[in-house]
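Next come two complexes built around chain A: one with chain B, the other with chain C.
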Partner chain A sequence: MIFKVIKKEELKHLFDVLAAENRVVGPVEAGRDSNGRPIYAFDQVSDFNNICLDYTTTKISAKRYFLPYQEDLAGFRIDGKDWHKKINYNIESPYIFFGLHACDINALNKLDKVLLGSVYPMPYYAAKRKNMFIIGLDCIPQPYCFCRSMGADTALHGFDMFLTDMGGQYFAEILSDTAFNFLKNIKTAEPAYADRMRYIKIIAEKKRKFTVRVDTTDLANILDMEFQSDVWKQWGEKCLACGTCSQVCPTCYCYGVEETVNINFHEAKKTKMLYSCNLIDFAQVAGGHNFRLKRDARLKYRYYHKHRGFVEAYEESLCVGCGRCGEACLAEITVPAVISSVRGEES
Partner chain B sequence: MNGKLEFIDILREKEKKYNRQHDFNAFEFTYKAEITTIHKLTQMENLYRVRIIDPEQGKQFSFQPGQFVMLELPGIGEAPFSISSSPLRHGDIELCIRKAGNLTNFLSRVERGTRVGLRGPFGTGFPMEKMEGQNILLIAGGLGLAPLRSAIAYVQANRSRFNTVDIIYGTKDPSQLLFAYQYDVWRADDITLSIIVEEPDTAWKGPAGLITKILEDLFRKKDKTFFKNTYAIVCGPPVMFKFVCTMLSQKDIPMQKMFVSLERRMHCGMGKCCRCNVGSTYTCLKGPVFDYWTVMNLKEAI
Partner chain C sequence: MADLKPVRTYLGMPLYRPKTAFFELSSCEGCQLQLLNNEASLLDFLSLLDIVNFREAMTEKSDEFEIAFIEGSVTRSDEVERLKEIRKTANTLVAFGSCACFGGVNQMKNRLGSEWVKKEVYGDHPVESGFARPLEDIVTVDLKIFGCPIKKKEVEKIIINIALGKAVVHPVYPVCMECKANENICLFDLGEPCLGPITRGGCDSWCPNSRFGCWGCRGPADDANIDQLREIMKKHGFSEETLRDRLECFGGFSKYTEAFRKNPEKKKEGK
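Up next is the complex of A and B:
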C-alpha cells in the first residue's frame, strides 16, 4: 500500500478535477429532523462545498447506485406468438463515490461475494460495481454503530483511496493506480514519522469511542440452537413487517421480478424490484401457501440469513453494523438488542 | 493528467457466445422455445411440451431428473417448473403445470405454437446413477408426480440397472390422477404401481386413504435386506414429507438415501433473489432435491 498526506485545502482541488468529467456522489445534508439535527443522504454533487465530510450516517445506504430499488432487467418486443428479448445492464458512465465510510465499503465487499461470485454473477450489479471509483473516509462512531463487533469498522479493500482526518491534513491510503494517477493533479506529501504516529493514535482513539457492541461469539450456532426460542415471538409481536430495515440496509439484496405489458401490447418489460423478507408474501407460493406467514418467522429469517447463512457460506456475517435498520425501525428493534436477547442476556 | 474515469464494459466479446454459469451473460440468457403440444391431464393440470427452437441450443440443453427450468411468458411473468420428461430428450421437454397463479392461468389459455422463454436447467437432480443396482421407492403425492415422472422415465430407459421399482402415488380424488394413460406402460416395464385416493368416487376400485396406508401394506411384504438396498424419492406437499420420511427412517433406510424435492417461491433460479431460501440455504442452488439428512438440518424446511 502507498500512503500519502494531503493538506485539507488540496482535497477541493481533487474534487474539482474529478467532478469536471465524472458523476460524483457524496454525502449531503438532505434536511433536518424534528430536533434540528441534519439528515444526511448520498446524492450527486457538483460543488465541493455541498459535501458534508463530517457526516454521521446517511439514513439510507448508497445502494441505489449499485442495487437500484427498481431496475429493468430486459425489454421485449412482442409480435403475435413470437417475441424478441433485449437486455440492458443500465450503465452509461462511471460513478465516483466521495466519502464512503468503512461500513459502506465493507457492505460492497460482502455484496461482491454473492453477486460477483463464480456461480451466476449478476451483470447488472457488476456493470455498476466495476465502474465505481471510491474514496473512503474515516468516521466518528455514533451511539448506534456496532461495526467494530461485526469486523467492519476498517476497510481493507474495495476502495481506491481512503482518507483519515488528522486535523489540518488527511492521511491517505492509496489502493489503486487510478487513485495514484488522480493524485498527480494535486499536491501530496510522503507521510513523515510524526504523521504516521499521529495516524496510529487517531485510529486507536476511534476504537475507544464505540459504545455499543454485539457479542458474535459462536453466534451462528446459537441462532441454530435457539431457532424455537420464545424471544423471536416477542420481537415478532413488535415488528410492523414494513420492510424499512431492508430498504435502508447496505447489504440487503433480495428482490422480486415482475413483468408488465405496454398498453400497445407490442412491448413488455421485466423489472427487478428490491424486496424485503419481512413483507408478508416474501415466501408465498402460487396456490396461496405461505412458508413464512407469521411476522416472527420472517423477522427471524432476516437474522438467520445475515448472521448464520452468510457465515456458513462465506465465513463472515452479512451485517456491517452500521445501525441504520435500528435507527429507521418504527418499532425500535435494533440488532444488538435482538442478538443479546437470543443469547439469553439480560437487557 | 486528466480526471476522466474510463468506462469498463463488463461483457467481453468472447463471453457473449456461451451460456456458462460463471459468465455474466448467462444471467438473463433465455432459450427461445415453442409450445409444441398442450395435453390436458385434469381440470387443473396441463402437460406442455416445449421445444427449444435452435437445434444447436437444444442439443446443448441437458438435464437430470429433478432439475427445474424457469419458464417465461414475456410480459406475463416467469416461474420455476420441474421438468417432467425423460432426460434422454435434450431441448425438448415436458412440463406438468397446475393452474395456480397469474402465469399458469395465462398459460392454460395460450395456443400451441406460442413461444416462451426457458432458462436453466437449474438446481440439483436425483442422483439416479448412485441408485443403480438398488431397489427404488418412488413416492408421490398429488402434483409431486410431475418431477418424479422424469426419474421414472430414467428408470424405464435403464430398467436393467435397477432391482425392484415401486411407485406409490396418492391423490385427493380419482379425477386428479395424473398421467393415467401411462400406468400400463410403467407396469409393463416391471414397475409396481400402487395408487391410493383420499376421497374415492363410486367408480373407484382401488384403495382409499392416505399414502402412508399403502406404505404400511408394502412394508409388511418386504424384508430387512430390501430396506438395506433401497433408495427412496419422495415428492409431494410439505405435510406428506414428514410422515413418509419418518416411516422410511423407521425401516432403517439411511437418511442420505432418501431424497425429497422442495417447492419454494423463486424469482431468479440462480441464488440471488433469496425468495427460495430455507433457513438460509438457497433451494435453487442446493436444491430443490435434498437428501433427508440435509432437510433435517435445515430449519423450517418441512
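Up next is the complex of A and C:
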C-alpha cells in the first residue's frame, strides 16, 4: 500500500481526468424528504460539483451498476430460415465509482465470492465488476449503521484508492497501479508524521461514533437453535412481503428469469429480474407447491441466508451492516432489532 | 365453435388466431382505447387476434367468438342479461380493466346513495343505474387483466402467451418492488400516502414514478398486509379516512374496507 496526502482542491482535477474518458458514478442529492433532509442516490455524474462527498448513506445501494434490477441475458432472432443468437453482458465501458463507503466496497467483495468465485461464475456480473475503478471514501456513522458489528467498517481490498477527509486535505491509501498512474496527473505529497498521526486519530474517533450494534457472537448457532422461536411470527406479522429490503440491499443477489416472445414472433429473449426471498412466490415450484407460504417463514430465511447459511459457506455474513433495509422498511423491521429479539435481548 | 385456422408458426409450432370480441358495460372505454394507443405495435397486435367485435375500432359485429374481453362494471339489469349471453358463447371470458375486475371507480357510488349520484351524473335525465358490480358477481371470469387503465404492454404479453398456449401469470408482489427498481424516492419520505406496499405490481410503479402515491387500482397483491399498512399510515400521521378513501377508490379492497367500516377504531382485524 502506498499512502499520499491530497489537497482538497486537487480532487476536482482528478475527477476531471477520470471523467474525460470514463463513466463516473457518484453520490448525488436526489431530493429532500418532508423534513428537508437530503436524500442521496448513486448516479452518473459529469460535473464534480454535483457529487456530495459528505453524503450519509444513499437510500438505495449502487447495485444497478453491477446487478441491474432487470437485465436481458440472451435472445435470438429468426431471419427466414436462418437464426441469430444475441448475448450481451450489457456493459460498454467500465464504471468509475467516485466515493463508495467501506460497507459498499465490502458488499462487492462478498458478491465476488458468490458470483465470481463459485463453480459457475456469472459473466454478466464479471463483465461489469472487472475493470471497475473504485475510489473509496470515509464516512460518519449514522444512527442506523452497524457495519462495525459486521466487520465491514473498513475496507482492506476491493478498491483502487481510499480517501479519508482530514479537513483541508485527504489521506489517500493507494492500492492499484491504475490509481497510482491516475494520481500522476495531480499534485500529491508524502504524508508527514503529523498527517499520519492525524489519520490514526480520525479513524479511532470514527469507531467511537457507532450508536447501534449487532451482537454476532455465536450468531449462526443461535439462529439454528431459535428456528422455531415465536419472534419470527411477530416479525412476520409486520412484514409487508414487499421486497423493498432486498431491492435496496447491496448484497442481495437473488433473481428470477422470464422468457418472452416478441409480438412479431421473430424474436425471443430471457430477462433476469432481481427478486426477494420475502415475496410470496419465492419458494414456489412447478406444480404450484409453495414451501414458504407464510410471511414469517420467508422473512426468517432472509436472515438465515445472510447470517447463517452464508457464514457456514464463507465464514462471514452476507450483511455489511449498511442499515439500508431497515431504513427503507415501512414496517420498521431492522437487522439489529430482529437479531436482538432472536437472542432474547430486551429491545 | 369458431373455426381456428393456424396463421403463423413460432419455432415450427402453429399459432392460433382466436376469434375475439370486445364488449363494454359501464365504463369510460379508456381500457379499450389504451389498446389502440401504441401505434408502433398496433398492426402486430391486431394480427394476433381475429377481432369480430370492437366498437372502438370497427362497425360490423359478429356473434361468433372464442374470447370475450369485457370492459366495465355491471350496473343495469340489461347488462346482466348481456353478460350472461356473452358467457354462453365465450370459451374464455376476460375481465378487462379494474371496472370489470372490481367494479372500478364506478363502485364508489355504491356507498353514496343511488338517488344522489343519479342526480349529480345525469341531472334531469336519469337512466336506470343500480349498484356497480364486478363481472364475477354474475358470471365465472376466466382471466382478469388489472389496471385503471390497463397497460398495453401487459395485454400484449398476455395475448402472445394465449397465442403460444402458455400460462398467463400476473405479478404477485406489490408495487414497491417495481418502485424500488425504478429508484423512486418513497412517497412516505415525502410525506405522502401510498398504497404501493399492498397493491399488485405490474404497472411498473406508474404513479410513484410521477411522485403520485398509488391508489390501488390493481387491487391487492397476493400477500397484501393491509393491517400493517394501516399501522404505517397512522404512524405517518394519515387519518383512517385517507386510507379508506384510497382503499375504496377502485373496489379491489372491498373485502377489507367493509371490515374497516365495521371496526373503525379497532387496531387489528381478527384473522
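Note that the second predicted complex is superposed on the first by the 338 of 347 C-alpha atoms of A that agree within 3 Å, B and C clash if a C-alpha of one lies under 4 Å from a C-alpha of the other, contacts with A are read in each partner's own complex, and residues count from 1 in each chain.
The definition used in the following text is that a contact is a pair of C-beta atoms (placed from the backbone, for glycine too) under 8 Å apart; a residue touches a chain by one contact, two chains touch by 3 or more.
As the structure is a computational prediction, the values presented were derived from the model and not from experiment.
Of the two partner chains placed around the shared chain by superposition, chain C is the only one that A:Ile39 touches, whereas chain B remains out of contact.
In the superposition on chain A, A:Val231 contacts neither chain B nor chain C.
Legend: residue contacts after superposition of the two complexes on their common chain; A:Gln247 is shown touching chain C, with no touch to chain B.
Of the two partner chains, chain B is the only one that A:Cys277 touches; chain C does not reach it. Of the two partner chains placed by the overlay, only chain C lies in contact with A:Tyr69; chain B stays clear of it. When both complexes are overlaid on chain A, the residue A:Tyr301 reaches chain B alone and has no touch with chain C.
Of the two partner chains placed around the shared chain by superposition, neither chain B nor chain C is touched by A:Leu53. By the touch criterion defined above, A:Ala126 lies against chain B but remains apart from chain C after alignment on the C-alpha atoms of chain A.
With both structures placed on the common chain, the touch criterion links A:Ile203 to neither chain B nor chain C.
Chain A is touched at more residues by one of its partners, and among chain B and chain C that partner is B. Where the contact sets of chain A with chain B and with chain C meet, they give residues 260-261. Residues 8, 10, 15, 41, 44-45, 48, 156-157, 160, 164, 172-174, 176-177, 180-181, 183, 185-186, 188-191, 196-198, 221-223, 225, 228-229, 232 of chain C are the ones that touch chain A when the two sit in their complex. Within the complex formed with chain A, the chain B residues making contact are 1-8, 10-11, 21-28, 30, 32, 72-79, 98, 100-101, 103-104, 111, 113-115, 117, 238, 263-265, 267-268, 270-275, 277-281, 285, 299-300. Contact residues of chain A toward chain B in the complex are 17-18, 20-22, 73-74, 76, 78, 81-83, 85, 87, 89, 92-94, 96, 114-115, 118-124, 126-127, 130-131, 133, 178, 181-182, 184-185, 224, 227, 253-261, 268-270, 275, 277, 282-287, 289, 291-292, 297, 301, 304-305, 308-310, 312-313.
The residues of chain A lying in touch with chain C in their complex are 30-31, 33-34, 39, 41, 59-60, 64, 69-70, 237-244, 247-248, 260-261, 263-265, 274, 276, 279-281, 295, 328, 330-331.
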